[in-house]
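Got a structure for you, written out below as structure tokens; questions coming shortly.
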Amino acid sequence: MNQRELKKLLTDLRKGKVPLKEAINRLKNLPYLDLGFAKLDTHRSLRQGFPEVILGKGKTIEQLKKIIEKIDNLEKNFLVTKLSSGVARRILDDFPHLSYFKEAQILAKKISKSKKGLILILSAGTSDIPIAAEAAVTAEVLGNRVQKIYDVGVAGIHRLFNHLKIIRKAKVLIVVAGMEGSLPAVVGGLVRGPVIALPTSVGYGANLKGIAAFLTMLNSCSPNVATVNIDNGFGAGYLASLINHGSV
Amino acid sequence: MNQRELKKLLTDLRKGKVPLKEAINRLKNLPYLDLGFAKLDTHRSLRQGFPEVILGKGKTIEQLKKIIEKIDNLEKNFLVTKLSSGVARRILDDFPHLSYFKEAQILAKKISKSKKGLILILSAGTSDIPIAAEAAVTAEVLGNRVQKIYDVGVAGIHRLFNHLKIIRKAKVLIVVAGMEGSLPAVVGGLVRGPVIALPTSVGYGANLKGIAAFLTMLNSCSPNVATVNIDNGFGAGYLASLINHGSV
Amino acid sequence: MNQRELKKLLTDLRKGKVPLKEAINRLKNLPYLDLGFAKLDTHRSLRQGFPEVILGKGKTIEQLKKIIEKIDNLEKNFLVTKLSSGVARRILDDFPHLSYFKEAQILAKKISKSKKGLILILSAGTSDIPIAAEAAVTAEVLGNRVQKIYDVGVAGIHRLFNHLKIIRKAKVLIVVAGMEGSLPAVVGGLVRGPVIALPTSVGYGANLKGIAAFLTMLNSCSPNVATVNIDNGFGAGYLASLINHGSV
Amino acid sequence: MNQRELKKLLTDLRKGKVPLKEAINRLKNLPYLDLGFAKLDTHRSLRQGFPEVILGKGKTIEQLKKIIEKIDNLEKNFLVTKLSSGVARRILDDFPHLSYFKEAQILAKKISKSKKGLILILSAGTSDIPIAAEAAVTAEVLGNRVQKIYDVGVAGIHRLFNHLKIIRKAKVLIVVAGMEGSLPAVVGGLVRGPVIALPTSVGYGANLKGIAAFLTMLNSCSPNVATVNIDNGFGAGYLASLINHGSV
Amino acid sequence: MNQRELKKLLTDLRKGKVPLKEAINRLKNLPYLDLGFAKLDTHRSLRQGFPEVILGKGKTIEQLKKIIEKIDNLEKNFLVTKLSSGVARRILDDFPHLSYFKEAQILAKKISKSKKGLILILSAGTSDIPIAAEAAVTAEVLGNRVQKIYDVGVAGIHRLFNHLKIIRKAKVLIVVAGMEGSLPAVVGGLVRGPVIALPTSVGYGANLKGIAAFLTMLNSCSPNVATVNIDNGFGAGYLASLINHGSV
Amino acid sequence: MNQRELKKLLTDLRKGKVPLKEAINRLKNLPYLDLGFAKLDTHRSLRQGFPEVILGKGKTIEQLKKIIEKIDNLEKNFLVTKLSSGVARRILDDFPHLSYFKEAQILAKKISKSKKGLILILSAGTSDIPIAAEAAVTAEVLGNRVQKIYDVGVAGIHRLFNHLKIIRKAKVLIVVAGMEGSLPAVVGGLVRGPVIALPTSVGYGANLKGIAAFLTMLNSCSPNVATVNIDNGFGAGYLASLINHGSV
Amino acid sequence: MNQRELKKLLTDLRKGKVPLKEAINRLKNLPYLDLGFAKLDTHRSLRQGFPEVILGKGKTIEQLKKIIEKIDNLEKNFLVTKLSSGVARRILDDFPHLSYFKEAQILAKKISKSKKGLILILSAGTSDIPIAAEAAVTAEVLGNRVQKIYDVGVAGIHRLFNHLKIIRKAKVLIVVAGMEGSLPAVVGGLVRGPVIALPTSVGYGANLKGIAAFLTMLNSCSPNVATVNIDNGFGAGYLASLINHGSV
Amino acid sequence: MNQRELKKLLTDLRKGKVPLKEAINRLKNLPYLDLGFAKLDTHRSLRQGFPEVILGKGKTIEQLKKIIEKIDNLEKNFLVTKLSSGVARRILDDFPHLSYFKEAQILAKKISKSKKGLILILSAGTSDIPIAAEAAVTAEVLGNRVQKIYDVGVAGIHRLFNHLKIIRKAKVLIVVAGMEGSLPAVVGGLVRGPVIALPTSVGYGANLKGIAAFLTMLNSCSPNVATVNIDNGFGAGYLASLINHGSV
């Protein structure tokens, strides 16, 4: 409620156009649905253009079903992320109209049809694909044109350079890498646009389950690179979509 | 050089329109200026829309002067960052037409006049101001409209909410915080647009010189948040500018 | 035994009112019950107002049964924490009068009836609920009025503000958060009373199994916040009870 | 502004008792004083019972003087912490009515006269005294009875036991320790009341500048212990005062 | 072979008392038994007074059986440590004359009968017992008088003080603790003799799987404390035995 | 394509000896085989003398089979590393001409027959053997003479010195160690040649899953030592082979 | 006061041999001297055979002088450690009968004349000498025969083996090393006696200011090795003396 | 002394060709020069082809002068590394025939004239030059042909590709990088030969003083990369020389 709307409401109240109770409600209303164990942020689709996203990991099937039942009624679209295929199957039994993306471990209501701009998703290795897919499905559900180029890590950098044309055409890039996490810095130096660095826990030993990768990415010399959490494909896809759509 | 340009060059070569030597040069030309101790990436203004930025810290005054002399001749604008006022003074003796921003520790050739969009820079505390200023000056030099709101950390969160209107109007936000680094996550939940989280080394003890802050930011639940290096005001400003200008 | 009691004992001894052996015993008595593998601190209910609490994790069922048998005879009430439901079931077979709280993973003798003050427990997410429940059950067993508000993390901070009235009325607050752990700092800035920050291992990647959360909490700018161990719901509930009861 | 006050304001507005502008102002008023580089949280004394506390470290003398000038006019009392004696001297030139506590590195307007309860501050070593003093002065300024026992670390634990009577009489304890940080856990086991563990950076080598101490404290087996940031004497004193005063 | 022995050997060689081949052998002989995948250090019983100790963890049953077969023939006594009961059972099928200590997870040839001195083993908690037992069995096999006092952690320190007499009589102490690891520092301050601090991985959260405990122990203010690896009961028992026997 | 080849190609193009399309292709050709989820770097055998090596861990059996089918047709030899025996068995069903090395967890097409130089592989313990074997099989497949000496760790250093002659004759050494990781530094001081330090995750507690070992190795005082990732037997074997073959 | 002494005191009290006041005093007496900022543990020479040792670092000159004045009157001998030569000079002005050991940074009252056993101190490098000297002076002041062999690190291990005879004759060894910290493990494998591993902060980069060294030492495969804090020469010397004197 | 030499010596001894004393000496001789505080490893030039290298950092000028005096007499060549120019000047006063390389902070007796192979040194940035120079001077002193290409970091990777021809011709590469440390992995994928990754402490914030860089390098996907300590230019140069000379 901005300054103008507030003035309007109070003027209307003084003039008797709006009853006292309604004024109180509008100033105090609950912008979420309270399930006790969860508070669905139903204003988020207004505030941020897309409903709240549910993190599947760490919730029981019962909790997930209750949340999905509510949000499915209220919203045109929604996402559940980090959802294992076993749990997804049991949810689809009750909600057969939803779509599950196995590689991405994402459950969604529907894929947006109108596609805009180009979000390019590059992965350093084959093992990074599930996290890259999480980012890709997120961005597609949110209405973006998405293209994927997998396994173009720096150990054979000519594989990357072969795609230079499409790389330079993308409006936003998501660069996914585990191990030493160097790919975002290299890509950052090749393009004009913003690069979202997405570290994964792929690797072993001194990768420290992804810490090595995010340290590399935070230290990137290319100033067009910003980093999200290890294995946070959803976050990368969401942010890329925001930048791609470009309006507030 | 894209596919089309390559085809054109080779066709011209075969037709004799372009001499052999020139073809070789154009395929092999040096897209940088070699000073021995540094290679100025003179193609960057073509490739990325702004010339290479010089990190002032860790270079000798002699190295800086040589680099600035070259880049000043070649480019319409450039930045030197993390430059202490003592060193800046000695450089300004030789290059009096440059501008030094003391709080931001930035030397620039000129400030872009045409301003676009709105980049909002929020700082959690007063001690974060130098890094926030580095981001602000960078974004201004790069041609963005910039607004700053300082000292709105979560310990008195009503200071933040008082600016909700401008916060929600910004196209991109840079949120600067040291200590526990919570502000970007809170702001991320309030706005639609992308939030660049900029951790600082401000604080003491368990802040671990900024590690605590960037861990907080990487773990942010708001999916519109991405993080840059500790104290990397320049990077945050640059990336915000990219997103604000919005075109590749 | 304080100075006055000591003087009294020694005077009585000199006067022959107390036999030598009793004096020795009273000066040397064993304030615990020795089971070999464990020493039950039976004085603790005198010294600290509540009997020793048994950490269920890391003990065998046999050890737990022996401890419970003894403590059940000696004490009016006691707690076993971090007790999985499988183990709890086997203990309840032998001690059917005890109560097991599945979500909180706590076994208790009885819940105190008289309730005092208000301890408010806030959780940032749904996945934090088991640890929040551990704190809640602990505080209830210890005789406190407890209220819980779950899933009010900073990514949708209006969910928190909607409860501002009850938040400001609580005498002590326990704020539970995993991931980036920002909620306690925000709440700390909103209330007068003490806030116990309870980090959880909920999250993934850069949460470092809870380290990120406790670093955030230790760095909190709000000076009314203190932190306990990751996932230590019992400790938070116990300390909150102490503060709530307010007397030494 | 609670539900009742809001209803009252809106009723008054409708009845014309309160002009529109005033209603807007009261709903929108700025609960802080904006100095540009800082926003003084002037509502904090209402909200939390004591004005905002200024962290001296990391601010310029000019910033500090401007902040102090404002806050000195507005508030009955205030604190500046982590203020070196050199800077304090220059501030006292302009504000001679303020008091500077050198050992504690604190500047305050006045010491509260009415003292309540007993906050006991224990330090493990002599080198921990400056941080212990920061906690002590904070608590005294805030109107608490404070007693200090220094150099009672666990390497000679009889020094601690000699003070058992006073230790058990204290309403709140602040236990300060660097190095291995064991003292709070030991004290926690001896008393009924809450113990605030205050780690310091005192020590060398494997103390990791205080990290070892706070890890020890977070892991404390005594459930009446909570931990604040390394060297955060102010926070410990503030929280102890809150608990000591005991009312919301 | 010392200077005197070397001189003797060479003199004998020159005099023809020792054949050339034997001289070469004695200068070059293999002080171990080579099994390919392992080299049994058969000189160790000469060099260090006890045969090589086999780490059971990380070896296959086949490797263990081959090693045990050889060492059993060659040595009067030996130890296999960190050996799970499942594997031990299969080894005992082939070597029924060996003894397995389940709690300590140790397999030994025989327990030395002559006992000397007193090694006292204190554990902070019940969950530390398996590691304490590993230390105890090691010391007993090596011919020491061993006494154990379990569950005397600092949260109820009177349990410790009740054993002060025996604690002060011990020639060497092994103090076992997980969690915050404070017990060794406290015990170190109470006794004259050397204290071996044995950290365990017992605990959760900020214990960092034992790192918190060993940092505490390394930082101990009591100068009679030295630390071994996390969960290294064998090492602590071995070193205590060395100190107890006291001769080189 | 070097300067000379480029000049030749362009001259040929101008002279009409090479068609335009071919010139474009040769300048733009794809030096890899694209399977979508993977890009086989088929130029690597030209560029680096050996085809791309496939990391078995983290790929599905389907992905592995598709990759192997392609690479098996294209290349004379290849390696799949970190391949568990269960997965290997299923691959061997389809590709029975390949060889699987169980201890080394490596699948290879064939072992090179011509052997050159001497790569000596030393392991500190028996548990390090699987990683040492990974290095050994890699080096053998790549055409090196390899010798292995296992279990010569520094706790019985005479076992090492007994092999001094062969140790000093090796052209390259790979020294494998977990736990405290001291062996490479000791060996480095004994030999002229380069030493590749290969840390393993073998050990427990303060080994931090191999971090302790690689820190030791990076700090080695012997200047002929360089370190690879924890458990990276393949990398060590590959690099040793490169150095052994000695030509670019 | 043991059981027997307690019985005696109480019997004497009952018989009137000891006045009430004295009994109270003897049960309650202050076993330390209270200077306010420090509590001198004057019983320590009884309890542990040597007076409290003062850590010079982190205390003001005034504090040190006051402590030394008291302890000098009370005790036959004492130590001040980590005392810079500048501060030492100012103390020697007032206490000219004390001795300062510059390399070891130790101030002592006198060196014990009677020497016993042999403590051998080995250092890996020349830069480790100050810490090695701290250990050596401590052990000498405490009445031990001490021998030093410096600069025998593992990069040239023959330097170590040349001293094998004296190394094997020592009753206790202190092995000092920075960088990779391997020397204690090697020495541990060569000797029967206990080895105190003393890590130093010597080195750079991945030494992490001594963390790498103590991790190496904690992981030592030789079971006769225990570790003290980084740069804690005093602790190593003290513990070695305890073991060398061998009686409780 | 190998088997054959030993047999020869003993045969000669038996035959009386070699006196007893000489035999003892040859078996027991001191392969170093003992200065007390240092043991110069004078056999190292025999054993490893180059005399011991002195680490200048952490030694006093007096120690350095004594070491240099001895080694200068004994050896044809030697190096002192990490030597500040201030200290170097004072050493050159006494030893004017030595050469000091200011950028590399190295003092050497003479530069080898005969040059062999090609060691290529690449640095990611200008600030990495001092460490790159340390590697370069080391390799040159040791008789290698060295070429340097500075400032070719991945943020402008075309600068690197422009030197592909020389990069692929080098026999060994040293790749120096701070910040995110990605360059070695990229270079490793471009060349056949071995790559020595040399991390520097250049950067700020999340570079963690070089830890981020060495983690990146240890995780490198290119199998021809091995890593040395942070800022260890000497080690990289020495190892590159060893590989370049290629013989044992």
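Chains here go by letter, A, B, C, D, E, F, G and H, matching the order in which they are written, and residues are numbered from 1 within each.
Please note the rule applied: a contact is a pair of C-beta atoms (placed from the backbone, for glycine too) under 8 Å apart; a residue touches a chain by one contact, two chains touch by 3 or more.
Since this is a predicted model, take the numbers as computed values, not measurements.
Undergrad: Moving only from a chain to one it touches, give the least number of moves from chain A to chain G.
TA: 2
Undergrad: What's the call on chain A versus chain H, same or different interface residues, using the half cut on shared numbers?
TA: Same; most numbers are used by both chain A and chain H.
Undergrad: If you average the CA coordinates per chain, which chain's centre is most distant from that of chain F?
TA: The most remote chain is D.
Undergrad: How big is the gap, in whole Å, between where the Cα atoms of chain A centre and where those of chain E centre?
TA: Inter-chain centre distance comes to 54 Å.
Undergrad: I'd like the Å distance between the centres of chain E and chain F, where a centre is the mean of that chain's Cα atoms.
TA: So the centre of chain E lies 38 Å away from the centre of chain F.
Undergrad: Quick one: report the Å distance separating chain D from chain E, using the average Cα coordinate of each chain.
TA: Here chain D and chain E have centroids separated by 49 Å.
Undergrad: Can you list the residues of chain B that touch 2 or more other chains?
TA: 3, 28, 125, 155-156, 190, 205-208, 211, 214, 218-220, 229-230
Undergrad: Let me make sure I understand the interfaces: which chain pairs count as touching?
TA: A-B, A-C, A-D, A-F, A-H, B-C, B-D, B-F, B-H, C-D, C-E, C-G, D-E, D-G, E-F, E-G, E-H, F-G, F-H, G-H
Undergrad: Would you tell me which residues of chain F are touching chain B in their complex?
TA: 3, 6-7, 10-11, 13-14, 16, 20, 23-24, 27-28
Undergrad: What does chain E use to touch chain D in their complex?
TA: Residues 124-125, 153-157, 179-182, 185-186, 188-190, 203, 205-208, 211-213, 215-222.
Undergrad: Spell out the residues on chain D that touch chain B in their complex, using ranges where they run on.
TA: Against chain B, chain D makes touches at 28, 30-32, 36-39, 41, 43-44, 52, 55, 57-59, 63, 82, 199, 201, 209-211, 214, 229-232.
Undergrad: Residues of chain D touching chain G in their complex?
TA: 125-127, 129, 150-152, 155-156, 158-159, 162, 202, 204-208
Undergrad: For the complex, which residues does chain F have touching chain H?
TA: Listed in rising order, the residues of chain F that touch chain H are 2-3, 47-49, 53, 165, 168-171, 190-194, 196, 214, 218-220, 223-230, 234-235, 238-239, 242-243, 246-248.
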